[in-house]
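Same chain, two partners: chain A is paired with chain B first, then with chain C.
And now, the complex of A and B:
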């Protein structure tokens, strides 16, 4: 049936968890493009047939016309599915760039799900975000709610060592050690799950 | 047209509708009963909505009411809308219904959808706030896509409210990473 492969592609995306990526399904993607080419060829051969019969392609409404129409609609449908697949994945990738990608590498298990061009897109997006922020000299990625206290208490969950220099101090961030940090400094580590915020 | 890139909109348009061809069409394989690769005039075929829609607008086919809006479903919805398994009928029951209603010219579909949604909406919100997960999971299998979105939204707002009331850390690990790690440990 027409457009079935394209449907499978979109369905696969929809079945995934929200905000999570699956591996880019190159095989199915290529298959849909191939199908588009088949539709295109069929469409052209039908139109050629009509021209050979001396019919006005614009106005004739014979069986060939409706056949061509069906191929045309299938082509458009396939295009929409392909575009939606890429577009919605790009949306997730942009979000990843905002959430985790600004200062650090993405974890390997997420990165391996990108296609080549998606990887490039992620890098470029992170880069332009960074340059925008440095032009503004403002971090637009911090928590939107103003803090009651600029400092928070955090516990380190994974050994980070002493190599990290924060804006106002450097300390040995050993595992399970607790620190009193500037909220803006701690935020990125909490987001990546390397520290947790302590309350109370 | 709804948002071009909308995944749900695309999937809703993949639902099949029974159609009758008024015009023949050459060079296409959509009629499984036909031996040649063409469709004859008067052929009865099931087509996905996205294809049927445009063919209908060009007066090449006529569309009849799909099976998921048949008399049996209507009677079940009248009896107790909250217990009807709409998901197996169509995971996009409402969206599909809204799209198909003007094409088949059946005004009763709209009334059916509205009354079903009203009753089920109330039930979904009640269950989202009160039922334990074990009892809810059976109920969840009956919901269409739209309804399970509603259910999730209700639960998220409930837990956000609880969190606000109890207080707690504001900063949290990005949820994209969260799931992956737990499977490690």
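And now, the complex of A and C:
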């Protein structure tokens, strides 16, 4: 069925939770690519057939012409679906690059959902962002929410030890310990899920 | 459209607005709001960003001095809060722009009007973005497709225009506030600056203080000239 597989691919992405990645569906993806090539072969053979019959491909309007047109349009549709799938995933990857990519490795459970080239793209894009910020000598990836109070209260969710020195102090960031930190310092840990902000 | 300026005369409001709107923080705030609300990327406020950065640096030094000299910690903390807000504004401004670039990089790159609105750093960033995503799309999809279908900008080789490029939606609705009286505006976006066509009655004029919700496109020029700002 024309375009069914590509539709499934896009549907799978659209059904996913917003901003979350599923494992790259390689199998389905390859099937759509295959289908593209099948369409292309069918298209080519129809055009050849028309040429053999001595018809002008551009102007002839017979059954073969419309057959070829359908294959062409199916191919284009498949291409759009493939691109939409990949491009929308790329948008999520860019978002991740903003949040975590500039300072740290991605957490394993996200990384395993990437395909190889997606991982490369994540790294490339993080580098581009980094180079922009170093040219400007200003970090644009902190201060993501408008500041209310320069200090926030956080609880440490994973054992971070005492290795981290923040701009104004160092402390033992043991698991479940609570701290009163500068918001700009704590933000990066909150983004990575290592600390949570306590409100109220 | 919106009602008049209430009890204050337009002149009074004008005076007040000019006074308030001349500080850099206000200017930056306005640039940030405009940038956030408009669907397309706006000209980069180079001089303003430069001044803001200098002022932030100055503030940082002041705060450091306060901390060292053991001055009243409350005052220091107030300075710190003010500093944080200024920094948020600047970062958020730059961030919104980068996010627009990420979204519309191909479109921005091929249109000179948009390209000229970027700062040097943003231009480099756009170039890298396009290179990165180009490489990535090439690897994952395009190289696997038949020859005539491999363009990143076009659906196939027979497309005459670039029909795979995301473009900003200029007909989206925005909330606009009038800063200075505007020229007569038409709802459909047609311009009538040279010869005013009095036979048409679907135009309107905004006076300072007016607030309108309308499509972005007719406001484009007024926004550039600073007659209106977006909220």
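What we mean here is this: the second predicted complex is superposed on the first by the 192 of 200 C-alpha atoms of A that agree within 3 Å, B and C clash if a C-alpha of one lies under 4 Å from a C-alpha of the other, contacts with A are read in each partner's own complex, and residues count from 1 in each chain.
By our rule, a contact is a pair of C-beta atoms (placed from the backbone, for glycine too) under 8 Å apart; a residue touches a chain by one contact, two chains touch by 3 or more.
Bear in mind that the values here come from a model prediction, so they are computed numbers and not experimental data.
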Clash-or-fit label for the pair chain B, chain C on chain A: fit
Partner chain(s) touched by A:79 [first = chain B, second = chain C, both, neither]: second
First (chain B), second (chain C), both or neither touched by A:69: first
Chain B versus chain C as contact partner of A:110, first or second or both or neither: first
Chain C versus chain B, contacts on chain A by residue: B
First, second, both or neither for A:118, with chain B first and chain C second: second
Contacts of A:87 with chain B and chain C, given as first, second, both or neither: both
Chain C, chain A and chain B - angle at the middle CA centre, rounded to the nearest 10 degrees: 80
First, second, both or neither for A:45, with chain B first and chain C second: first
Which of chain B and chain C A:31 touches, first, second, both or neither: neither
First, second, both or neither for A:135, with chain B first and chain C second: second
Minimum C-alpha separation between chain B and chain C after superposing on chain A, in Å: 6
On chain A, the residue positions that both chain B and chain C contact, one per complex: 80, 83, 87, 143, 147, 183
Interfacial residue positions of chain A with respect to chain B in the complex: 1-3, 7, 10-11, 13-14, 17, 19-20, 42, 45-46, 61, 63-64, 66-71, 73-74, 77, 80-81, 83-84, 87-88, 95-96, 99-100, 107, 109-110, 143, 145, 147, 152, 183, 186-187, 190-193, 196-199
Sites on chain C touched by chain A in the complex: 53, 77, 80-81, 84-85, 87-88, 90-92, 94-95, 98, 102, 121-122, 124-125, 128-129, 132-133, 135-137, 139-141, 144-146, 149, 155-156, 164
Touch list for chain A against partner chain C, complex: 33, 36-37, 40, 72, 75-76, 79-80, 82-83, 86-87, 90, 94, 115, 117-118, 120-121, 124-125, 127-129, 131-132, 135-136, 138-143, 146-147, 149-150, 183-184
Chain A-facing residues of chain B, complex: 4-8, 10-11, 14, 23-28, 30, 38-39, 48, 50-51, 54-55, 58, 60, 167-181
